[in-house]
Amino acid sequence: MNLMEYQGKELFARVGIAVPRGRHCATAEDVARFIAANPGEWVVKAQVLVGGRGKAGGIKFASTPEEGRARANEILGLVIKNRQNPQGETVKSLLVEERLPIAKEAYCAITVDRATKKPAVMVSPFGGMDIEEVAEQHPESIAKFFVDTAIGYSPFIGRELAFTSKLDEGYRKAFPGVVAGIYDLFFRYGAKLVEINPLVLTRDGRVFASDAKVELDDDALFRNPEFAQWQKSLPLDEDETLAAAAGLGIRNFRRFDGLVGTMANGAGLAMATMDAVDNAGGKIANFLDIGGGANAELVRNCYELVVNHTNAKSFFINIFGGITRGDEVARGIVQALRETTSRKIPMVIRLTGNNEAEGRRILAQAGMTPVETMDEGAAAAVKLAGAAK
Amino acid sequence: MSIFLDKNSKVIVQGITGAEGSYHTGRMLDYGTQIVGGVTPGKGGQTTGRGLPVFDTVKQAVEATGATHTCIFVPPPFVADALFEAYEAGIGMAVCITEGVPVHDVLRVVGATAGMRIIGPNCPGLISPGKASVGIMPGHVFQEGSVGVMSRSGTLTYEVVDLLTRAGMGQSTCVGVGGDPIIGTTFVDCLREFANDSQTKALVLCGEIGGSDEEEAAAFIAAHLAAMPIVAFIGGRNAPPGKSLGHAGAIISGAFGTPQSKIAAFQEAGVPVADRPSEIPRLLAQRLRETGVD
Amino acid sequence: MNLMEYQGKELFARVGIAVPRGRHCATAEDVARFIAANPGEWVVKAQVLVGGRGKAGGIKFASTPEEGRARANEILGLVIKNRQNPQGETVKSLLVEERLPIAKEAYCAITVDRATKKPAVMVSPFGGMDIEEVAEQHPESIAKFFVDTAIGYSPFIGRELAFTSKLDEGYRKAFPGVVAGIYDLFFRYGAKLVEINPLVLTRDGRVFASDAKVELDDDALFRNPEFAQWQKSLPLDEDETLAAAAGLGIRNFRRFDGLVGTMANGAGLAMATMDAVDNAGGKIANFLDIGGGANAELVRNCYELVVNHTNAKSFFINIFGGITRGDEVARGIVQALRETTSRKIPMVIRLTGNNEAEGRRILAQAGMTPVETMDEGAAAAVKLAGAAK
Amino acid sequence: MSIFLDKNSKVIVQGITGAEGSYHTGRMLDYGTQIVGGVTPGKGGQTTGRGLPVFDTVKQAVEATGATHTCIFVPPPFVADALFEAYEAGIGMAVCITEGVPVHDVLRVVGATAGMRIIGPNCPGLISPGKASVGIMPGHVFQEGSVGVMSRSGTLTYEVVDLLTRAGMGQSTCVGVGGDPIIGTTFVDCLREFANDSQTKALVLCGEIGGSDEEEAAAFIAAHLAAMPIVAFIGGRNAPPGKSLGHAGAIISGAFGTPQSKIAAFQEAGVPVADRPSEIPRLLAQRLRETGVD
């Protein structure tokens, strides 16, 4: 789960990372009222998950309640898009925040590193810009530390990162506390990424997290029931909403513009199934990973999801039983076809692995014959969709 | 031989009385695996439907049975505890099937259990065909032989193995390393073991987009396994790009993770990359002929 | 720092260990008022650090405000003694606590184990009695677990201890949480010992810490400034009060009934110095470890402490310079003799080690000649005290 | 040889610019110790009065000097951090002089720094006479020779060594293990090293009341060092009993800790126990004659 800036900053405050004074506002009136009560220089920031809001006009300054109202009205309702999210995201709320007298901007983040199997902390004195650009242009400026979890965070880590990355001296006193904070947040709230970009050093020597990017581990949300409320308030795109409604993980379903519907168990097999349709000269209508241990009801939901919400003209179901049992899937398919009131499209079923025999018996009883291989199934589905490239 | 698992491995199942645990325990027994018991706290002293003793703690199970391996089916919130318990009881190999384990739990466990090998989590397990199976792999598609297989995906592994078996290429050991951000045993860890295994004459590696495991495996192969016939496959070349807020992950791993980067790394290491799973047996046969192993 | 039961239980509550309902009361009137407002069955318990209060009449029952007042008046002002504290401790406050319907009593503790260098958790189903007796009579009943600090507490530890010690089944659900709590308390507040004896299982299946023994690490008190207040409220005996006033650790000074005053740097040397006086046929007036890195002012305070507050007729000062520099000590001795208005007693000084030459020069200038060895010094001091056995 | 420390040991000082650190660095240099630099964060690039380079981090110090040992003089709240930093920088031996370190910090450090030897905390350090000294021991009382010395007390060590030196019995290495409840290196850890040291022909062990280090040392000697001439001393036989609330400590260590228990354990292991420090040289000479080492 990705958090909005204002949510990330709430967590920052809890772990002792200084954030600018501010208020989360849902309306332009809230913004005006807040500025009226707190005279000063303010920044009005669009609260969206999509990146690049600054260039898209989602960040503006205001010194008076009137300016605040005007800027808020300009930003609220904006649709902010980027390459990763071409549909875009509508701005529904704002963060009004103290405008900082910036002296320096740095970068600081923690994430997981698969290779070392450790949390990795990264620091660069080049903040306020895209870290991928920094990595290209100033690779030597990025200091990394892979934390031994048996030790945990210890202040020398912050010192070493500050010295190695040649962070401005003004940061040095506060910096170990900032790294302590993101490490604490990372474990306490189960984050997969915590990124502060920029970490601002003000002209009067204070250090603030001026932005907050936090990705929480969905698998760890059960430990913090308070996040359920946040989760509900976060924008899901259409595919994610459909996936959730069907009982799938929000990343288990995505639509494309082809005509061959697909469903497989396991992300690897689902991706290979897409590749197989592509290899057979077809175009997929969707990616759908039904996951492990799927039961008949979920299979039926997935059938309806593909049939009712994609352009699919044929449906290739590719199941290799492991923890997902072949008989359960077969039962789900038969039940789906029997119970559904949705349109019916031609199906190609490939079913093998654990409980394959029982699964095939159930399909045979219902008058369906599965194919033998994935390539064969993909070719048949492409043909049935009448959708050769 | 085979790696990680053989006929002499004594296996316990943590969560043996749960639905998944009990079902797959039966399948492992059917495959011939030496399952010596299971653990469910509070059910110590009971016997399973298949006649296996149930213990309250892993320590008791190890003391009573001499177990060397554990297969973990407990729900996600209890996985870290189960792994720590196995570690403290002296278990040498833990296969963790459970999906949905918090990544921080895995970080904590991996960082504090040096000396115990962990496969997974979120993996299908481990099989040394003809000897033993620990996990949930469908045994009947496997056949004993000399090809080592490692894969990040469960079902894709079965797909690939099925093709190998149909092509008459049996397997020494197949390892499903797991699909989570942090896993106990990576491709490189597997390669180190396969490199020293007398039964393994060739390797198949099924990677995926994302992360840098494949690039690191390619570098290891170039340095240490240049003579071994190896074929790779990269799943997800048509997958949608993930939505992510930050880019720290890509920077950490040196901007790896694209299919292009992975394919290039393998080709540089002299490892042919199959376009689709069904090409793997043919490419491997070709490499075996070229290297004179076959 | 040893905590009173009510203080220990406050920490228990913070880490989620269930404790009986209750109130800490300073007067009999408080007790009566509390019981009047909360009708029921209550226990009135003396709050002292010394053990064995039950046998000494420090724990009584009360069902009415009048009984509460009467029992409180009986207990307040009692002097409770044991072998370790023969002076005894006066009861100054009480804990009034819910009387539990006890079904079982168990023992549970955590401490540090020097041999394994790990925290050690101990559990026995024999609670409510002296654990040393349990260790003698039912050694097999005590289960121990040495915790790997790189892992920390994990629930299997509680389960394993419960099964191994054969704790009653009624405890099993709550028990891992109790062990989690004492482990958390141990690290969070820097305890050297946390002991729950008894851990009560009630007839209705609840589990409570019915007593609390907590020893905090004095060296870790700086991390929890709130404890400074508690520390002030704890009873010091006379020796401890004198030591603190002189600027010494409260365990660095203790009086005995002999006539040879002693002072040395380092606990090991101070103990060996006492042994040397004993070997020379004398009896010591005190134990005094001046610690490492002592400066001239502390030396002077120690001189006055021994001269004014013990029966010493001679004073053996035994310094082997390491981190304590010989010249500093010499300066302190000279200054003490010059400035003090206290009585003067014959001194024997042994000064060697780091900065020995400079120290001897300072003493020589002041007309003092140090002895060469510890045995020699002890013999001279015993002779000067005129106190051969 | 000698244990833990010799002429080739390259030593840095953490906290080198503090009062204690700078004073004792001078004394260590005077003794001939190869001090190669020091660490004080924020003072990197400076040079000490004795011409030593100061670094901001231990990592920089190790990279620049090849340091193998560190001597820690930082104040108690910063000791755990200093030890972790030394460990991560690859230091193999850390001598921690600081007194008053929270026991939990030591537990955490010892539990997570396998492979780095820690002496102390709250100890006088380590000296291999004629070669090098790390810590605060007064060098002039030591003399090179073949007696290994280990002690829980600082000043008592000097006392005992002074007596040995006066009796013509030089020392191979003297280790002040430290007086805290948890220490990095116990008597048994020292005995393991002394057992394999060619220079060490005899041992003196200065124990104290409390704990069970002496009992464990006696058991180790009985099992592995029966042929070595060894003399023990137990300090504090006339010490007042400690006030303690609970008794868990005594139970954990098996009710050890009394002087009687310690003396009996040594006598059972064939180790004579001196009544007073001044007896040690005579008893050791006797044991050397008896065992034919001398």
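To keep things simple, chains are lettered A, B, C and D as they appear, and every chain counts its residues starting from 1.
Keep in mind that, in the parts below, a contact is a pair of C-beta atoms (placed from the backbone, for glycine too) under 8 Å apart; a residue touches a chain by one contact, two chains touch by 3 or more.
Not measured: the values here are computed from a predicted model.
To get from chain B to chain D along touching chains, fewest steps?
Minimum step count, chain B to chain D: 2.
Sort out for me whether C-D or A-D is joined by the greater number of C-beta contact pairs.
Counting C-beta pairs in contact for A-D and C-D gives the edge to C-D.
Please tell me the distance, in whole Å, between the geometric centres of chain A and chain C computed from their C-alpha atoms.
The separation of the two C-alpha centroids amounts to 54 Å.
In whole angstrom, how far does the Cα centroid of chain A sit from the Cα centroid of chain D?
Each chain reduced to its C-alpha mean, chain A and chain D end up 54 Å apart.
Any idea how many Å lie between the Cα centroids of chain A and chain B?
Each chain reduced to its C-alpha mean, chain A and chain B end up 27 Å apart.
For chain D, which residues are shared contacts with two or more other chains?
108, 111-112
Which chain A residues touch at least two other chains?
Residues 148, 150 of chain A touch two or more partner chains.
Considering only the defined contacts, which chain A positions touch chain B in the complex?
2, 49, 51, 84-85, 109-115, 117-120, 122, 130-132, 135, 142, 144, 148-150, 186-187, 190, 192-193, 195, 197, 213-215, 217, 219-220, 222-223, 251, 254, 256, 264-269, 271-272, 274-276, 278-279, 284, 287, 291-293, 319-324, 352-354, 356, 373-375
Which residues of chain D touch chain C in the complex?
By the definition above, chain D touches chain C via 20, 24, 27, 76-77, 97, 99-108, 110-112, 124, 136-138, 141, 151-159, 162, 179, 181-184, 186, 206, 208-209, 211-213, 216, 235-253, 255, 275-278.
Quick check on the complex: what are the chain C residues that touch chain B?
148, 150-151, 154-156, 159-160, 163-164, 172
Taking the touch rule as given, give the residues of chain B at its contact with chain C in the complex, in rising order.
These residues of chain B touch chain C: 41-42, 44, 56-60, 78, 80-82, 84-85, 87-88, 108, 111-113.
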